[in-house]
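In this document, chain identifiers A, B and C correspond to the written order of the chains, with residue numbering beginning at 1 in each.
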Amino acid sequence: MTALLQVTHLARHYGALRAVEDVSFDLAPGEIRALIGPNGAGKSTLFKMLMGETRPTAGTVSFEGRRITGLRPAQICRRGVGRTFQITGTWPSMTVLENVQTACLAARRRTFSLMGYARRQEVAPARALLGIVGMAEQAERPAAVLAYGDLKRLELAIALANDPKLLLMDEPTAGMAATERADLMNTVTGIARDRGMTILFTEHDMDVVFAHAESVMVLDRGRLIAHDTPDAVRADPRVQAVYLGTGLDAAALDDA
Amino acid sequence: MIRRTFLSLGLALAAAATSAIAQDGPIVVGEINHFKRMAAFAEPYRKGYEMAIEEVNAAGGADGRQIEVIFRDDQGEPGEAIRIAEELMTREGAVMLTGSILSNVGLALSSLAAQKEWVYLASEPLADALVWENGNDWTFRLRASTYMQAAMLAEEAAKTDALRYATIAPNYAYGKDAVAAFKEALTALKPEVEFVAEQWPQLFQIDAGAEVQALERAKPDAIYNVTFGPDLAKFVRQGTDRGLFDGRAVFGLLSGEPEYLEPLADEAPEGWVVTGYPWYAFEDGPNADFVAAYTERFGESPKNGSLVGYMTGLSVAAALDIAGSTDKQAIRAAFEGLQVEGPVGPITYRQIDNQSTMGAFVGTTALEDGGGVMVDWTYRDGADYLPADDAVRARQGQ
Amino acid sequence: MGFFLAQILTGLANAGALFMVASGLSLIFGVTRIVNFAHGSFYMLGAYIGYTLMQVLPGAVGFWGAMLLAGVAVGVIGAFVEMVILRRVYAAPELFQLVATFGVILIVQDLALMIWGPEDLLGPRAPGLRGVVRIMGEPVPKYDLVLIGVTPLVALGLWALITKTRFGILVRAATQDREMVAALGVNQRWLFTGTFGLGCALAGLGGALQLPQGGADLLMDFTILTSVFVVVVIGGMGSLPGAYLAAVLISVLGVFGVAYLPQSTLALTFVVMVAVLMWRPFGLLGREEVAGEAGQVGPPEDPIRPAGWSVRAGVALALLALGALPLYGSDFALVLATDILIFCLFAASLHFLLGQAGLVSFGHAAFYGGGAYAAALLVRHAGAPMELALLLAPLIAGLLALAIGWVSLRATGVYFAMLTLAFAQLLWSLVWQWAEFTGGSDGMVGIWPADWAGGNAAFFWLAFVLCVAGILVLRHAAHAPLGYALRAARDNPARAAASGLAVARLQWVAFAFAGAMAGLAGGLFVFAKGSVFPNELEIARSFDALIVVFLGGVKTLSGGWVGGAVFEAGTDWLTRFEYWRLALGLTVLFIVTLAPQGIVGAARRLWQRGRS
């Protein structure tokens, strides 16, 4: 089986600090994988490198067999990689529908156009995406007034506009109530299965991780220390050691 | 949105509404100047102008009608000046325009004057281009131009033994013209002189210490200064402190005008040969009468601008009187070769280039009672310091 | 060798006042994120107040006391300005406060004229420090040595204040992380007031300190402003050591420039600034700006929508009425309306850049003046007819914007703004200097419209068609995909990039588009006035547009041209009064404090309140 995403010896150093060190892994098409690790383990830095927002110090990232290290985020997006942010990224000066329309326009590469009114373009696909994430009824509201959970859903719709083959989600459920989390993750995994989309997500909530991930990678101090099924990871003494050292999260690991 | 558009429209309409001119009222003249931006120069000018008009009106006005001058501020912007000119001529019923100190505003107004066939008397701007390269039939200039004043100083410079000259002038058209004219006139009189340094500080941003060091390094025999205003004060202070002027002849364009000399107080340079206006030194005659009347009227001593303003008022009155109508061609024709009798004597607006022959006072600076004055001064008639007619025509591009 | 040393000493002495003023500006920006355009005015006030005090206070103690008192007095005035005016506008959109500081400039100019009169005042000499000492045979004024010594002392004092006191710790915390200060529970209001007062006191001290070298005059507020901006930007906004380093660098370079490149001193500082910013986009000792901290962002604007049919019909009627002006308006009404239309297009082009792309340019005059000069040069040197000149003016201005944008867009926020300012100044000094080609400060005159457009009415119609079309195109662009993409890139650049939007290229295109439209306005301006002078490239012109856009309302679609129309018409009316700058300044402050959302924003709010 050829890997969709191939990460080899990826590293990022900030002076003496090794935020990410010699990380290698493959993602197969259709896989749903979680990336966990205590605060400061390097999850966000790794994500930023995958998306081209941060340049790696060493190593390469390949997508569908082609190197994407060194490309800009917009170029990586056009290759078929979508992304959501830990701090939810939407465009507050637009309505919910317009947010998705703009993302659709970007996917069609029509963003330099002066022709016509943007709000009359890409209406159908945008509404369809909003339907998928369960936001159809809020289409005409300004994004600025949305509740937090709805913003997360909106961002998901924006990220799906390009019909990505791989979706990177940084803390997709952070700051949401427990029921909302399950809803959102069910939506996400549902979409992934429908479309054959691959998902890599970071998450603090172990309930979410073990309920939705097919496999789990554990990052600690920049290094990948475990990669296995959720159950195996939960049983891994190294992983437990990492989480024991950080107090609260270890309890979360046990509870799950 | 509708309302907003109507708002700006309304403003335009309001401007359009009031355009009635009384035929039997006073003859209106429009004056445009930088009353705020160059207040130190424009205010004395305005006072002199007003005084002349008061006197003319008291004596029966021009061609039997009173004269009214409308003073307007252009912020020192050529674009604003153009618009105000339009308003004065078309809405306020002005029959001609006067004013400006800055050469760029003067040039913009003269270009408009030629286009619209309106008479413009450029009272204070000094640029040579105003009557030569960019001269036109509709623009007249009162004050002695850069070329004339530079030529007066060059004449004095040629009388000294100095051979090595350094120049310092603000880095814009006036400064460049002033240096070029001085070089031309001095080299013509004394071909063996050489110019060993040229300094070009930015207008009103002089780095005086550095300029003085650079001039000193060239070891000139004499220095030709064109800086003025706050630049001059800084230059004089640094130059005096660092001994730049010791044992050197210095020639200062306009440096003797009270506008520039008075602020220097007891630090005014001594022994500079300058053009200026020694109002304090007139004992009798029309110059003294003017100074007395002005001091009486405004409770302050006149500046050079006061004299220029006064001559502007007299020139306007004389031209309107001769024109005998407010027809623009008639006024223009009246200015051609117009003779005006003023405190400094008779002046003529020359046929060839519309430049008046108003001259300037040339003298040597000295300290008296804690202030700078001009001594050993003489009045130089401007007519003697203009190039030959052929040269004028060449510069006019004919 | 002696000459060399003397030059360096002169440079160090010159750095004194420059550092004081620049450090104050830097401090204010670091803490409050206000770009204080009025900083030069406080410098001027320091000079005038110091002068007056020196006349009153006797002897050497009086002289030096007067300097300190001048600093204190200006600090108090600054604190007063902050409390009465700026406090009311902190919640306003990013950089809006600079409009308020612009109002302060106008008011101070007229007040200074009223109080101290129009004549230049020669600064008193420092007692006992007249004359020179010889160092390696070169004369060095004694007061220069005092300046060379005093400046590091003030810098050290500032450093101690910033590192050793509680106030200083708060200042640093606020400079580095604004949210932290709020979290610390510090009374942010007094921190801001204190910092603004301190910054102004430094400016005042700088003004008083330079008295023995020069004096006080009414133009000094603007003459120092550009150098101060340059120093602060080269040093790094918010960095005091950077300000000192840059003040010394610029001053010493200036002195050598005077000696070895006397013709080119104009351009030198700006070349240095551009070079430094290309090498270090955040100044020598500055720190990268984190997105969103450039100022108080304020609430996001409401989503825009195209006007409804009734509004369109209304606008069409209004345009019809305006277009028919030649049928019922006087000659002057036509000329005024033409000027207003041209200015509205200029303002609308900057408004597009600010409002849609979120790019605050301090040098938009480069393209307005660039278009004007392009048209004038084409007519003068290539004998181009008006029609061709008007066609090429926006193209050339757009190309110019492409070039300038390519460099400037490497920086963000205030540094981007400053780079645009530096390029505009470079262009200005090029035009100023290259007199054989551009006419220098004497400009180019006699460039009048073609015969068919020569009359006031015909030219009004030409301007009407082109300006209205330009404004409508700019407005439509906001509704087109480009506008949405630009707002997406502005609202959240990371999200935009992750969605495949080419953020940098979008902004570049917006910059060029706005530049081209400004160029069209500039081209029209030349033929309206028949002449062009370097004034059209000046900083003041860039500021005019900036003020107008903020006054109109950045977060509205009509803010640009409405602000332009109101400002241009208001100025035309106000300049008829003796103290028009005071009146205009007060009007600006009035609008700023009453309607921080700008004229259009406030009108919309009133309208919405009226309906609900």
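We adopt the following convention: a residue touches a chain if its C-beta (ideal position, glycine included) is under 8 Å from a C-beta of that chain, and two chains touch if they have at least 3 such contacts.
What you see is a predicted model; the values in this text were computed from it and never measured.
Engineer: Relative to chain A, which chain has the most distant C-alpha mean position?
Structural biologist: B
Engineer: Given the contact rule stated at the top, which pair of chains has the most C-beta pairs in contact?
Structural biologist: After counting contacts between each pair of chains, the winner is B-C.
Engineer: Can you compute the centre-to-centre distance for chain A and chain B, using the mean CA position of each chain? Integer Å is fine.
Structural biologist: Using C-alpha averages as centres, the distance is 73 Å.
Engineer: For chain A and chain C, what's the span in angstrom between their mean Cα positions?
Structural biologist: Chain A and chain C have C-alpha centres separated by 42 Å.
Engineer: Whole-Å distance, chain B centre to chain C centre, using C-alpha means?
Structural biologist: 32
Engineer: Under the definition above, what is the set of chain C residues touching chain A in their complex?
Structural biologist: By the definition above, chain C touches chain A via 299-306, 473, 476-477, 479-485, 487-488, 490-492, 494-503, 506, 509.
Engineer: Help me check something: in the complex, which residues belonging to chain B touch chain C?
Structural biologist: It is residues 1-9, 11-13, 15-16, 19, 36-37, 39-40, 43, 72-75, 77-80, 82-83, 86-87, 90-91, 103-104, 107-108, 110-112, 114-115, 127, 129, 134, 171-174, 176, 197-202, 204-205, 207-211, 213-214, 217, 229-230, 233-234, 237-238, 241-243, 259, 262-265, 267 of chain B that touch chain C.
Engineer: For a test of understanding, state which residues of chain A touch chain C in their complex under the given definition.
Structural biologist: Where chain A meets chain C, its residues are 51, 53, 72-74, 77-78, 82-83, 85, 89-95, 98, 101-103, 105-107, 109-119, 121, 142, 144, 155, 158-159, 161-162.
Engineer: Considering only the defined contacts, which chain C positions touch chain B in the complex?
Structural biologist: For chain C paired with chain B, touching residues are 3, 6-7, 10-11, 13-14, 109-110, 113, 118-122, 130-132, 138-139, 141, 144, 213-215, 217-220, 223, 227, 254-255, 258-259, 262-263, 265-266, 307, 311, 314-315, 317-319, 321-322, 325, 328-333, 335-337, 339-340, 432-433, 435, 440-443, 445-446, 448, 456, 525, 528-531, 533-536, 558, 562, 565-566, 569, 572-573, 575-576, 580-581, 600, 603.
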